[in-house]
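Below is one structure; the comments refer to it alone.
Should a chain be cited, it is by its letter among A, B, C and D, assigned in written order, with residues numbered from 1 in that chain.
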Amino acid sequence: MHIEVCEHAFSPWERLATFESEHGPRQGSFGATATFVGTMRDFNEGDDVVSLTLEHYPGMTERQLERIVSGVDDRDGLLEVLVLHRVGQVVPGDPIVLVAVWSAHRAAAFAACRQIMEALKSSAPFWKKEELKDGQRWVAQNTPG
Amino acid sequence: MHIEVCEHAFSPWERLATFESEHGPRQGSFGATATFVGTMRDFNEGDDVVSLTLEHYPGMTERQLERIVSGVDDRDGLLEVLVLHRVGQVVPGDPIVLVAVWSAHRAAAFAACRQIMEALKSSAPFWKKEELKDGQRWVAQNTPG
Amino acid sequence: MPIRVRYFASLRERIGRAEDSLDAQPDLTVAEVWATLQPDRPLDSNTLAALNQEYVEYDRRVSDGDEVAFFPPVTGG
Amino acid sequence: MPIRVRYFASLRERIGRAEDSLDAQPDLTVAEVWATLQPDRPLDSNTLAALNQEYVEYDRRVSDGDEVAFFPPVTGG
């Protein structure tokens, strides 16, 4: 399991290529990789969003993400998990979160990737503040998946 | 929608990076990208597998893949879909299939990626022949996801 | 134009060739195409049939110039 | 060692500071930590509480040296 809070912009596909070649499961052992990338949109709840500031709770963030990954229902089916999450100021098009799961079979990979994302959205201590054209607002609550 | 049958090995993360920058939805329009990569394992049904030959039905393959993508339940929620599928001789560790879905929101992206993979497995005209240490065999049937 | 009949994967190997050609007859069905060309092999219910590259049931009618294909369950992905 | 009390996001902004410090008392609960430090703000039931970086209910007991945090619903991902 590799969990990282990123202070700077990251490129999910480059990170996946590097991680897989350096830390991925042995070639031939995995048959399925499911990934999810969450990216900043330039709209939310009907308003244009100029930028976003992501605050988090250093220390608790990493603990919660580890707990989420360790708590995946079919933990035995997983060979490797990568979670990256951005903090700081983010602009539209910037990746915010990357979850990638390697498994022997596809059912476990799909299910774990989804489960990790939903748990991350509901319990990892990150908060978004949106900068609109005419002011700022905290995002009140994530929508269920 | 971009669908491609690949005669040669491809690198899914490189292809995703290139496709997203050249043909991806407008930056800021998508908030969710779900991907699945199917990779050749070196084992199947308890046996070591040395290599795999993937046969397909040229023409019908592309038609079926287009039909699968067009038939996604929440087609309106999708901004872009990329499907790559390998044919020819494949060795353990080689990617076989890549499905990537871009959407405004994560529920549509997850659901479409999964739905496309399941439909591809059950109806796209590809066939795998495995080369074992002591002979060859056709894979009889895909397991349900 | 005759009907082009194609076989794929294990079926192609068992039959020993990748395709056949058949002259159309009135009201010919997919099942009859098979029975005419493979009189010694009953059509296995697992076998999938396609007409002009779309899946069809065995009772679908076939016309001049059509492409019919028979193949085993697919195993891609 | 005192209890370290931290506030995040909109709660931090409303309170006007990121943390407080409080001397432990016997059988002090998370809810009482809040009430002691924020006597004029009832604890909103949406507010999440963590003790030593793990989620807890408001009735959890707090000890010397603990870190207590209060924050609004999380919105990452």
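Methods note: a residue touches a chain if its C-beta (ideal position, glycine included) is under 8 Å from a C-beta of that chain, and two chains touch if they have at least 3 such contacts.
Since the model is a prediction, treat every value here as computed from it, not as a measurement.
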Count of contact steps on the shortest path from subunit A to subunit C: 2
Chain centre separation in whole Å, for subunit B relative to subunit A (CA means): 22
Euclidean distance of C-alpha centroids - subunit B vs subunit D, Å: 48
Subunit B and subunit C: spacing of chain centres that average the CA atoms, whole Å: 26
Two or more partner chains touched - positions in subunit A: 38, 117
Where subunit D touches two or more other chains, by residue: 77
Each pair of chains that touches, named by its two labels: A-B, A-D, B-C
Residue ranges of subunit C touching subunit B (in the complex, touch as defined): 6, 8-10, 50, 53-55, 69, 71-77
Complex contact set, residues of subunit B against subunit C: 38, 54-57, 59-60, 63-64, 85, 96-97, 117, 120-129, 138-142
Contacting residues of subunit B [partner subunit A, same complex]: 11-14, 16-17, 20, 27-43, 92-93, 104-107, 109-110, 113-114, 117, 143, 145
